[in-house]
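Two complexes are shown next, each including chain A; its partner changes from chain B in the first to chain C in the second.
Entry: the complex of A and B
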């Protein structure tokens, strides 16, 4: 097996960690954001660890499970990592829905944090 | 009407320009990439203006039309712009498909170029 590039390892570890935490106890997600972090959730914008965690914990479901269909990772010219995830989620008793999410990860003081996070449900309205 | 933040204006102008160029003559897309640019197209990785344009012009359809369902833009801590697009496309006589694409835009010598580009068809395989 060929070794994965470092950004792939970091990106995929982050993605695994993020959704595990989201599905088990999303109030803990504050640990991955910083005060400069931006979240755009279905078009609504939030900035900073506190505002982001408030939004995520306030989402109107009690149980959620994500499953990942595809994930891509790239190094950026500023030594960050761009990650894009395509997946499905099931919230409470709602039908399964597609989603996509993009992250930028940045290394600050030897830790990888999420500076940018964008989430959209995959609503395509065909036909 | 409230003025949009600058990153929204730049991001949405880029998105409009990109898909107009893609749909009319995608061999011209080289103008938006640099040699450090990365493209991940359905999981396949390409680096550099030449390799990216070669991939895009070699895609096996002659006519394509994109329409955008939603787009989000954020400033990054390194003065770049992260853009995420959700949309639909119709290639030749194929059925309409959903897609999503993420870009990082960077200002180099007073021009905005695309340093990172990730594209995935929205294939969710429900059920």
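Entry: the complex of A and C
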């Protein structure tokens, strides 16, 4: 078996970890952000671990499940990892919707944290 | 790429310019019962069309208003409001709007103000109403006053999608108002004032108040 590049391994285990936490207990997501982290959620900006976790835990659904369709990871020149995820989600009893999410991961004190996070539903214009 | 949607007949919004086509949108927080209201009103003709790429559910209905047959598209969200994204085309060319909240959840009532502001950004004049859903859970709520409708000058209905109270009355009045707005958009303010005058009377008459010569037809839509 060919070894995956390191950034692929780190990126995909981050993605797995992130959505597993998101789907089971969003309040724990604080562990992956730092005070300099930025989240752009459907165009709305949030900065800092606290503001981000507040936003994510405040989303009005009790159950959510993500299913990842595809993910890509790249090393950046400053030793970070850029990740892009395309997938589908189901919140409570609503119909399934597509989404895109991108992350930048940075190694700080031997731990990988998320410094940037951007989320959009894959909803397109009509009319 | 937006233009591509034009090739999907359901989403070609030019059709709403035609005389016999009306578009009515539903607004309100998730889980207030918007889809349940549709289901209750349409009953047997309940055949929603899920357009998942657009996070949209369409319900088609035919009604007779005066002596005219009107095709109505009810637009319902498919849950994107949980993520706070409503695309402007949701509002585009709408002729009326039904704003729903859940009497059991205060926050859904408070959020009406946000929904109303957004609606008026896109559609400053279309007829609108406020619907207090789930009154079956606790009939005492109908004694309480919810002033949002009055403050904005729009009709208010206590309904229950679960047992059907006031549902048909609310939808039929909104259909009539949508058609009237479409035929005569400039008379809109007069229309509102008149609605308001009638409003208190209707309240006392109860759910079965007469229904202005409106009857539904069994639709053949597919």
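FYI, the second predicted complex is superposed on the first by the 125 of 127 C-alpha atoms of A that agree within 3 Å, B and C clash if a C-alpha of one lies under 4 Å from a C-alpha of the other, contacts with A are read in each partner's own complex, and residues count from 1 in each chain.
In the analysis below, a residue touches a chain if its C-beta (ideal position, glycine included) is under 8 Å from a C-beta of that chain, and two chains touch if they have at least 3 such contacts.
The model shown is predicted, which means the values in this text are computed figures rather than measured ones.
Touch criterion met: A:94 reaches chain C, while chain B stays clear of it. By the touch criterion defined above, A:74 lies against chain B but remains apart from chain C after alignment on the C-alpha atoms of chain A.
When the two complexes are superposed, the chain touching more residues of chain A, out of chain B and chain C, is B. Of the two partner chains, chain B is the only one touched by A:102; chain C is not. Of the two partner chains, chain B is the only one touched by A:118; chain C is not. Of the two partner chains, neither chain B nor chain C is touched by A:35.
Look at A:25: by the touch rule set out above, it reaches neither chain B nor chain C. When both complexes are overlaid on chain A, the residue A:54 reaches neither chain B nor chain C.
On chain A, the surface patch touched by chain B in one complex and by chain C in the other comprises residues 43, 96, 98, 120, 122-127.
Residues of chain B that touch chain A in their complex: 36, 38, 40, 43, 45, 69-70, 72, 74-78, 80, 82, 84, 86, 88, 96, 98, 100, 102, 104, 106, 115-116, 118, 120, 122-127.
Partner chain C is touched in their complex by these residues of chain A: 41-44, 59-61, 91-92, 94-98, 120-127.
Chain contact summary for the complex, chain C toward chain A: residues 1-2, 5-6, 8, 11-13, 29-31, 50-57, 78-80, 82-85, 87, 89, 92-93.
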